[in-house]
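Both of the next two complexes hold subunit A, though its partner changes from subunit B to subunit C.
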Partner chain A sequence: MAQPVPSTPRQAAVGLARLRRLAYSQSVAPWLFVLPFILSFAVFFAWPVLSAVNMSFQEVLPGQVRYIGLENYRDLWNPTFRKALLNSTEYTIWTLIILIPLPLVLAVFLNSKLMAWRNFFRSTLFVPALVSVVVAGTVFRLAFGELEGSLMNTIITAFGFEPQKWLRHEGLAMFTLVLLATWRWTGINILYFLAGLQNIPRELYESAEIDGASAWDRFIRITLPLLKPITIYVLTISIYGGYAMFTESYMLWAGNRSPNDIGLTIVGYLYRNGIEQNNLGLGSAVGIVLLIITFTATMIQLKLTGMFRRED
Partner chain B sequence: MRRHSFLILAFLLVLSLAAAACSRGGNSGGSSDGGEGTTLEFWTFNELHDQFYQHMAQLWNEKNPDRKINLKGIVYPYDDMHNKLLVALQSGTGAPDLADVELNKFPNFLKGTPQLVPLNDIVEPELDNLVRSRLDIYAKDGNYYGIDFHVGASVIYYNKEILDQAGVNPDDIKTWADFEAAGKKVLEATGKPMVTIETGDMWSVWPQIAQAPGGDDLQTADGRPNLTGEVVVRALEFQKRLIDQGIAVTAPGGTHHAEEYYGFMNDGGAASVWMPMWYMGRFTDYMPDLKGKIVIKPMPAWNAGEPRSAGMGGTGTVITTASKNMELAKDFLAFAKLSREGNIEIWRFLGFDPLRSDVWDAPELREPNKFTDYFGDYIFDVLLEVKDEIEGVVVNEQTPAISDMFRTSVLVRILQDGEDPVKVLEETQAQLQ
Partner chain C sequence: MSAGNALRRRLASAALFILFVLLGLFAVSPIVTLIVASFKPAQEIMRYGLNLRLDWELLSLKNYAYLFSDQSLYLTWYGNSLLITAVFTVLCLFFSSMVGYALAVYRFRFRNALFALVLVTMMIPLEIIILPLYKLSISLKLINNMWGVILPFMVAPLPIFFFRQYASGLPKDYLDAARVDGCTEFGIFFRIMVPLMAPAFSSMLILQSLFSWNNFLWPLIVLRTNEQLTIPIGLATLLTPYGNNYDMLISGAVLAIVPILIVFLFFQRYFIEGMTAGGIKG
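Take a look at the complex of A and B:
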């Protein structure tokens, strides 16, 4: 854009005309408009990803950076990383099992005119999403304390169960993590499904009703199929969100260290090695592996749900 | 016309955003005496440390009117500060003149070519007055890179009320075997555990390992992993035995810094805990109900006559190679942390056991403060008693990895899940190599 400074009115007019031609040009203008996006994408996304790929083959030390081939990836094959991989996968699967059907059903209820206190429930279910993970994690840590007086232990002892060490037992810890996710994300997913529901034309339900379809039939044959695009979207972000989970676990155990690594996630492992132990090379390798995993999972999922098929 | 002004507005907005993103937001937590003099920037993760240095800068300026310092202190959260500093040193831009680096993070800064200034010329003249082992943990290849605030001598805190109920006199507990026997008595008489042991941090296991005579602890003196070494196995077998008998319980919340733990102890949950001197502050701040009930004693020894303490934890102040006023920064650091005056201020201001053992009997250390109110005025008698028994630890580039394994799996598997110490330690040792 190094335009010479126009010095006479005539030159100025020529300059302006040239600028106008550029703005209306069929080939240049589109690029001009997407330039801000391309630039920010290149600087904040493409460049970091490429340098992470590069760094994953290096040993990165202050003043001493050298290429070490595949050694970082070889180091990754250890029990701790496998544990992190397993935890993240298990967490993702649980969130998918719970955080798609549950909000969908709730959204259908909240969308129904028969539902009393609709707006009250809509807002209360959404409030947790507005709470910072840091606050929520700390509150959950205290509520799930291991002493008899903690909130959860008070509740379960009232039902005649033994007090539990929630955050020290493998199954219970995963339960707590998934519960925290459910508490936090249900409202957001309800919002997505509500938006989808409100786009379904009323006439479809009316004509189905006239044809004698039951409420269940209408849900299965109209609501679910027409919600498919939204469901696929929610599924996609949930897969990524599940694998990228870190803050929840970090806050629940007040640091990146849970007993026997029961709360260690892939990103937690990345943070531990890359930052806490100043091994950015290995950290980058973890990041690349995470990228490959989420990319593959998402692609398979999109392929299976037919997102790549040309729309008619 | 409106369209134009809208465009201009949008443009300005983008510009201001960019400007805000580029400007350094560091002033939020900053402090400075605002005076003239050479500006030195100092990063820390603890506001009290900043206040201490501001105070020392004032004293320095009074004494050195021709070499005045304008100390600009910036307080970041713990992890943020270390990460920022690491990145700044790695990339070679933006590092401050002085910074606090916590011991667990310190080895990260010694990797490769340390981007820190060797402090030998200010440390070496004072070496005889300082607790030597506390300098070695910040050293690499004979160069000292950091100066600590405190010795962190580990001691044992007994709850006198509970011991009295069981008829146990803490002065009779000389060795860990005595401790075990006394623990049995306490358990039988009161039903309460004698002590709590951490499963999520190193403060229970490391002092017991490090106090053993000789230079080996989790690593050998020359820096090889030593998890299967006798000193390590002995400590963990002892701890497991205490837990199996009910004499000890694992600390609620996993560590001695958990909210649950403070509550548990404050209610008289256990009769003792061994922790470093700096843990005094946790008692005064989080366990107010124990005021006047806690007595501080040297830790039991493994065998009578063997060392009864070890220096634990710490924060080293470093000077980065990015500093443009290295000499001034060095002289100021020596004044603040190595001089007699500075060490007395460390106790007054921060309540730490200062690095210079020759000030421990100074009258200034007997002046009443919140610690003497809580514990009594004999605190430094305990320190003087163990002065020559404070063992050091081996800290090097492998330390963060070893600590992580202990904090996440070794301690949990042995103390909580009851696995065989030797088996767990052998497996972990193999994984390290």
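Take a look at the complex of A and C:
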């Protein structure tokens, strides 16, 4: 039998000394510190990514797996997936149109000297971000219910409109999803822009004011250009969040089943095929398409921020 | 400054104030509506939907009583959520602070390559890998088990990134002084760096526990039986196309957010720092 445990006192002393050297070694320590990341990255990230690529070329049935080339990708070109792709894209575009300019302007207002109770409003607008999508989705599902007495229908009938079946019509369904996103994300995006605004030196504004620049000029010439880096960051996370959206739709239509798939998203389609129908091959192909979309977005972001040029 | 100018400033100030009051109402009204509804009988909500209609005689604590009764699994879910959040957050902070610290302080081979891997992990939405991860979890026997929820995302890139940025900004003189005094490398980390990084720990504590508390997609896939569910997944099961379990759903949702709102009242700064951590530029 092998004897890994030091048996004699001398061997024990050598072992201990070696351990002690290890504990003091500045070349070993960093590797021990980063070991958890290396293991976790290999097992729970690199392997799954490679496996997703691999499975997207396979037909994965219980007990038998065979390569079918590009067939999964060919199968993806179907009306349902096109619908999911379109819904996710439309949702992402709407969130970009609303959730960048609106929080930016609100952040400028909050940062202005004219604003009273600044911290109070900043915190209040942030509160929705604390609420889970599940709870938020529940509230919106019920508030946008088709009953005449539901919150939204009460509001619009007060303005003289007919009650609506919010979650059954294509346009209204998208409106509800986008409103939910606006509700949850405005506060966080305001914080990002406020952080960006605080990095702009006050002197720039002061000297511009002395030179007679109006508030509008200062906004266009100083604020906007200097907020570019943070804007690009918010743009990127919004594209991610938009294309990866799933839970909102899952909650609004109680489990991924919206009428005529008006609320189906890319991840919803992935979930439906991969988990609900256990078609891991097709599901993985959906994942790869999503990967390509987000990777492209990242590359564009890096190009815009000039990260490829800087070297350090 | 002229009197007209001063008047204009006051008007602008008032207009801004009104605008933000309206926005604030928009932000809190869904939560207020939910809280009000949690005291209403389920039939009322089934008949009229969710709204701000108030009939004092109908309000009661019945829904909450039901949550705490034997007929509901809500307390089990609450316990599961608390346990998973606590274990996940502690392990996540422990490991990611070590990794972030090492990436910031030591010079070693492949350091930059490792940091690049951290960034890559951060840049890829996890939705892409849930299917292979699901398959892997089945073979590792992690399905329907809290470790299946915790392990894959325990060494998280965002906290690593945050701790690295934070540790980079700290003075290194202490470390060499400790070495001279005969402290081990781990001793330096635990006795000197951890206290110095306390503010970073607070921000990440809040960010990661909020993430875990509200996490949906991955636990939805891993957790299978009713007794194992966390609050968000449990609440989602109450909402079905064939009818909703309103009495439990609404009061359950309220109890899921109230603790967070209370913590937020006291530790706003850390919430704000933690949740905007990704935006901090290196």
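As a convention for this text, the second predicted complex is superposed on the first by the 254 of 312 C-alpha atoms of A that agree within 3 Å, B and C clash if a C-alpha of one lies under 4 Å from a C-alpha of the other, contacts with A are read in each partner's own complex, and residues count from 1 in each chain.
As a working rule, contacts are C-beta pairs under 8 Å (C-beta built on N, C-alpha and C of every residue); 3 or more make two chains touch, one makes a residue touch a chain.
Nothing here was measured: the structure is a model prediction, and the numbers come from that model.
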In the superposed model built on subunit A, check whether subunit B and subunit C fit or clash. clash
Quick check on the superposed pair: does A:Leu61 touch subunit B, subunit C, both, or neither? Answer first, second, both or neither. first
Hey, is it subunit B or subunit C that touches more of subunit A? C
By the touch definition at the top of the document, which applies to A:Ile275: first (subunit B), second (subunit C), both, or neither? both
Determine, under the contact definition given at the top, whether A:Ile300 touches first (subunit B), second (subunit C), both, or neither. neither
Where does A:Leu86 make contact in the superposed view: on subunit B (first), on subunit C (second), on both, or on neither? neither
May I ask you to decide whether A:Ala17 touches subunit B, subunit C, both, or neither, giving the answer as first, second, both or neither? neither
So, does A:Gly145 touch the first partner subunit B, the second partner subunit C, both, or neither? both
Should A:Ala254 be classified as contacting the first partner (subunit B), the second (subunit C), both, or neither? both
Residues on subunit A touched by both subunit B and subunit C 142, 145, 147, 150, 254, 257, 275, 280
Within their complex, subunit B touches subunit A through residues 79, 83, 86, 89-90, 105, 108-109, 111-115, 199-200, 252-254, 258-260, 263-264, 400-401, 404, 407-409, 412-413, 416-417, 431
Please name which positions on subunit A make contact with subunit B in the complex. 60-64, 78-79, 142, 145-147, 150, 168, 254, 257-261, 264, 272, 275-278, 280
The residues of subunit C that touch subunit A in their complex are 9, 12-13, 16-17, 19-20, 23-24, 26-28, 30-31, 33-34, 37, 45, 47-53, 95-96, 98-99, 101-103, 106, 108, 111, 114, 117-118, 121, 123-125, 127-136, 151-155, 160, 179, 184-186, 189, 210, 213-214, 216-217, 221, 231-233, 235-236, 239-241, 244, 249-250, 253, 256-257, 260-261, 264, 268, 271-272, 275-276, 278-281
So, in the complex, the side of subunit A touching subunit C is made of residues 23-34, 36-41, 43-45, 47-49, 51-52, 55, 106, 109-110, 112, 114-117, 121-136, 138-143, 145, 147-151, 153-154, 183, 186-188, 191-192, 195, 229-230, 233-234, 237, 240, 243-244, 246-247, 250-251, 253-255, 257, 267, 270-271, 274-275, 280, 283-284, 287-288, 290-291, 294-295, 298
